[in-house]
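In what comes next, chain A is part of two complexes: it sits with chain B in the first one and with chain C in the second one.
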Partner chain A sequence: MALPLIRRAATALAVVAALSVVCFALLDAAPGDPAASVLEARNGGRPPAAADVARLRADMGLDEPLPVRYARWVSAAVRGDLGTSYLTGRPVTETLAATAPWTALLTAAATLLSAAGAVAVGLVAALTRRAWLRRAIDGLSFVLGGLPGFVAALLLLYVFTAATGLLPSGGVGRPGEPVTPYRLLTHLVLPATALAFGHHFGIYVRLVASGVGRLRDAPHVDNARARGLPRRVVTTRHLMRPGLVPFTARLGVSVGTLLTGAYTTEVVFSWPGMGRQAIDAARGQDYPVLVAVVLVTGLVVVAANLAAELVVAALDPRTRAPGRPSMPTDPHPTPGETAHAR
Partner chain B sequence: MPSGRVGAGMRPRGLLAVRMRPRRPGLTAALVVLGAMVALAAAAPLLTPYEPLATDTSATSLPPGSPGHPLGTDMLGRDLLSRMLHGARTSLAVGITAAAVTVGAGTLIGGLAAVAPRWLDGLIARTADVLLSLPLLVVVLALAAVAGPSTRVVIAGIAVTNWMPVAMVVRAELRSLRERLYVRAAYGLGLTRRQVLWRHLLPGAAPPVAAIAAFEVGHAILTESTLSFLGLGIPPNQPSWGNLLTEAQSHLLTGEWYTVAVPAAAVIVTIVAVNLVANAVGGRSEGRSW
Partner chain C sequence: MHRRPVLTALAAMSVAVVLAACGQDGHDGGQGGTSAPARDGTLTYALGDEPETFNPGLQDEHTDPVTELVFRGLTRRDADNKVVPALAESWQIAKDGRSYTFRLRKGLTWHDGKPVTSDDVAFTIETVKAAGADSPLARNFTAVTSVTAPDATTVRLELERPFAPMLDAMAMAVLPKHVLNGKKITDPDFGRQPVGAGPFRLTAYKPGQYAELRAFGGYYEGAPGLEKIIIKYVPDDSARLIQLANGEVDAANLAPQQAAKVRGKRLEVYPTADYRALMFNLTNPRFADKRVRQAMNHAVDRDAITESVVLGYGTPAKGPLDTTPYASAPGFAFNPARVTALMTEAGYARDGQGLWARNGSTLRFELSTFAEDSLRVAILNVAATQLRQQGFDVVPTPRPRDWVRRHWSDLEVFVVGWGTPYDPDTSVYGPFHSSEALAEGGSNFGSYDNPAADKALEDGRGTLDPDRRKAAYDAFQQALQDDPPFVWISYLKAINAVPDDLTGPRQRTLGHHGYGFFWNAETWRYR
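Our next item is the complex of A and B:
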């Protein structure tokens, strides 16, 4: 167990290093003078004096050679300093701290919904003897595969807000009103649903259905049934526990999918999260905020992938055996499916 | 893996003939839909008398079915049918171009990895691994934000973040084909490396690459529409399905649902049809995934 673990951790570190290079490159290549932008934001929009800009440039180390700038940026980022917003003049970390919890809430709710829905629908598809039902689920998951997240969000917004007025259109409540759990829930339902049942949902259903479906007539399941175990026990212990391993592995990747999807969902529903912040920053050319969100998203994704691998290793003894290839997460990998999941 | 299917007395008629079995209504429908889309997009200037950008203050916010404006007009009096058709031009062209660039780059890199020395092969594989672990749509988004909205940036962004699956498949295919008896026989018969590459290796690797290429078209359309919807893709003055959806978003709550429904339906139908074709080219019948 130790050696594969070290290898996985090393891969994760390499990904983090690549991520830091990408983020720094974006920041460094962004148009405009960072020092001038920061000073302008702090002065409330007045163009700063040339001498001040020059002083801050020296302070920020902007005139140093590229490797030095990169090293400075990394060491500052590690200490929690991600720069200053060009729009507000405040530290980027403050913005992140204000928005990240909302994104975490939305993503967590969507992950729960998505996983519960996929397991339920996938189990039905795998265990039913009705061909039409299976085909209907298959068709539905295929159509969902062509549904961009923001289109799903717009459709839900129309049906539940514009046409029927059942649910609020966005945000997390009226300004000035206290955020009660009930009010929060009513505001959370639509974005979480839109995020949960986007184009990745069909892939999850397929993973559950194929993972469990292959075991439906497996010897150990027949044996369990023959021993007279209750159906519920056979389903949960003998079908779901081994059959859901590929799906569990995929759930780690899904965190990245959902975090990415949260960008558009948050924009459509005016959800005050990181994603909307990033898009606002992109539109307002507030590059430090944008890059910080990219960095945080990337770090969370890397952590989630690593965690999923560890969970799978705990669930599936075969992946722990030394020298043997780890179990494929998807028995029928289709290139486009992985492409879309990203 | 793919050539196993070719055996059993079946002679492939053309590149994809092997993989497309007859009488598949889903595939036929998908091809018809895509063909119609492409034809409509190509013939856009002939089909509608209106310029997609021409405003008409005497005919604003018309509902669908209005005389002269089958899909209605938007707040500025621009004809929605014309905007849809010209949007199809942009979206399909960007999708196909981006997929072509992606597949081209992936094939080159994968081919290079297949013949490269160990260290270079390893470097390419590691790079692909690392890139696949990043949230790529977010990276493309940041890239587009830094570079400014433009069609070229969208295409480049899609290619930079999607070449990996193509490269990995091409590399694996070439490596496995290279050891096949008929390829070694071709070398034995005195064919040059270039001849073997063009006559045996590339045609052999084409079917799986074609499947990925089809998926990449769908993925590219999806990415383009998402980027444009966020205002970071195709410049906003140029109609594309994503841009139409951005503008329509504000009309949703005022009841003009069709401004959203039409481009949304176009995006969904196109991607589903492309995925159907990709599934068929990939040789796995849809509906039989478990």
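Our next item is the complex of A and C:
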């Protein structure tokens, strides 16, 4: 188990390194001039003179060839220095340290909420004998699957703040007052819910329902029931454990989409995370900040995939078999195989 | 079926949500639309734009609310945007207009308790002048040859030529030498932890969230009426309105379409100097004939644009100084008969499609603007429709901001936004003097070149006599009327909602984005 893990970690690092190269090259190729953006921001939006732009470009080191700038960035980055923001002049690490925890909190809460909800609803759909309930859940997951995150956010805002005034509409607390855990929770509910029940949720419910549903009448489950195992044991060990493999694999993959979803959710709910940082940086062509946000996002996605693989390996013994270092290409185990593997 | 664990999980989740929702302690909203928010002398104001820095040396004369409240200059502007004393209690100007002597008030202190002296003033002017392109204010001090501080409360400026906007320029914030000495003006720490001599000091700043300002007891006019002002950065327009209705903020900056939806607040609607116009690229020979530009000015129904685009929260524009004390532009009325007369005189005739054409080709041009700016795009669309109805072959084409940055010289007609409410020189010299043309690196992006306008602008900045200045800007506006550089469209109004029991906000012509709303916030208080 140790060796494949190291191999996977190395692959993950290579992916992040490649991402940094691509990100640098793309930003370099992108139209626009960060020096012009900076001067424009300082001039109340008025376009700057060409000579001033040229001088600032030289000051910012933007006239040097791309490989030189990249090498300089890498040598600083490995020492933990991600450069300084063009727009604010502050270290990028400082900005990240201030914003990344908020995004992490929001994304983690949303993932938890989404996963717990999907497992609960999916199990009901898989196990109920009532056709209308199954159809209702099908319909719900279909609707939620097509609901863009920002629409969900605005609907929630309307219902819980504008119409009823039940919850605060944005931010992480009352400005100027300490952020208590309780107050934080009340501010977290809406953005986390909006993010959790966006389009992933519908997909999750379907994956849980189909993964567990196809095992419901499988021979090994009938066998377990016939042996007189308690219902709870049958459900958890024989239905959920193998049945949740496709859902778990998907959960890891969709952390990336969830993060990008978080970025738009943050804007709507004034959540002080990396998303707003990224949007401001993209608008103002603040490349050091943009590169850092892309890389952190990349790191999280790679780590989430790695974690998902490990969980899948724990759930599904076949993926632990020697010579099968990665996930099975077909993440839907057929009931017969699973029974046989046990 | 064994459903209990599932139901338990669902129930637990809903309980968590409901608990979170119901257990409000009253401060985090939850009071519905009309009830009074928590007070204690605190005003929380929601604003869309967050500046990159609170360093006034890196902002132009339109400062964001935080910078405006933290700092003071030697002079400031009153409700009529006239220059009045601030940190300086008085000044003398030499007869030739080339020497200024300012006398500081006694006992001025910085927020950190150190005294404000003439050394700070001299340091500020020298630093800003030396900053060049790093500071948008440097252009105000190009004529300054020397700054001296003969004693702790006296500052003397020597100029190589008279510069009428000098007193207005001295409204620029004075910077603390003891904090910034030896650092660059772009120093990022100062922009985050500014030290000023204004009525409020910055006590907390959470980027992306809010800035907290507290009353400064050592302010020279005495402690302000409010104890605390919180500027909350809420970039989303709808979110600002919701937070206002929800009681999360007491006051907010609003867009025109939101004004009618506000309940239980007082609206403060102020004029601004911020206008929108269609700028001609005058290096393009198609616009060389001023009759064509006059005709286009008569072809636009600016009342209709003001009504439809900003829902009446604006005023039709006649020229670049309409909302200043120097306003005298006659303006152009919507008049299709004049369009026909002027275009015919210029040698054009309507073709088969009803478009003005000469030598077999129509007067075809691209009307563009920043695609990201929804207000300008709305103006572009309505204006294009109106111009087309009057026979102009307009191709409306919004362009990404970045494309525009690289193609200023290729633009044909462009929706611009300009105007400051302060000294007229600040507002019009850059955009209209021929020496400031785009090719010279200036901000005259249309390359307008009119000797009569140039002379009037030079007279306006070269004399300190109020009557002669007024005459100069009258002549300037007449020159623009005869030979229009722009098709004037509309001035915008600034809309702010404040609590009913807040006294003090007073109308003044504001700058772009409605900046300047807090100009007299030291006098604000709750009834």
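Criterion: the second predicted complex is superposed on the first by the 267 of 342 C-alpha atoms of A that agree within 3 Å, B and C clash if a C-alpha of one lies under 4 Å from a C-alpha of the other, contacts with A are read in each partner's own complex, and residues count from 1 in each chain.
We adopt the following convention: contacts are C-beta pairs under 8 Å (C-beta built on N, C-alpha and C of every residue); 3 or more make two chains touch, one makes a residue touch a chain.
Remember, it's a predicted structure, so these values are computed and weren't measured experimentally.
In the superposition on chain A, A:G139 makes contact with chain B only, not with chain C.
In the superposition on chain A, contact is made by A:R55 with chain C only, not with chain B. Shared-chain residue A:L154: touches chain B and chain C both.
Of the two partner chains, both chain B and chain C are touched by A:V267. Of the two partner chains placed by the overlay, neither chain B nor chain C lies in contact with A:P101.
Within the superposed three-chain model, A:P31 lies in touch with chain B and with chain C [touch as defined at top]. Contacts of A:R276 after superposition: chain C is touched, whereas chain B is not reached. The interface of chain A with chain B overlaps its interface with chain C at residues 31, 154, 157, 161-162, 169, 267-268. Residues of chain C touching chain A in their complex: 1-3, 5-6, 9-10, 13, 17, 20-25, 27-33, 42, 44, 52-53, 58-60, 62, 132-136, 186-188, 191-192, 204, 206-210, 212, 228, 230, 232-236, 238-239, 242-243, 245-248, 402-403, 405-406, 408, 417, 441-443, 445, 512. Per the touch definition, chain B reaches chain A in the complex via residues 126, 129-139, 141-146, 148, 161-162, 165-166, 169, 208, 211-212, 214-216, 218-219, 222, 225-226, 229-232, 245, 248-249, 252-255, 257, 260, 264, 267-272, 274-276, 278-279, 282, 284, 286-287, 289-290.
Considering their complex, residues 11-12, 14-15, 18-19, 22, 26, 29-31, 125-126, 135, 138-139, 142-143, 145-151, 154-155, 157-158, 161-163, 169, 199, 206, 209-210, 213-214, 256, 259-260, 263-264, 267-268, 278-279, 281-283, 285, 287, 290-291, 293-294, 297-298, 301-302, 305, 332, 334-340, 342 of chain A touch chain B. Of all the residues in chain A, the ones that touch chain C in their complex are 31-33, 36, 39-52, 55-56, 84, 87-90, 95, 98-99, 113, 116-117, 119-121, 123-124, 127-129, 154, 157, 160-162, 165-177, 182-183, 185-187, 189, 193, 231-232, 235, 267-270, 272, 276-277, 284.
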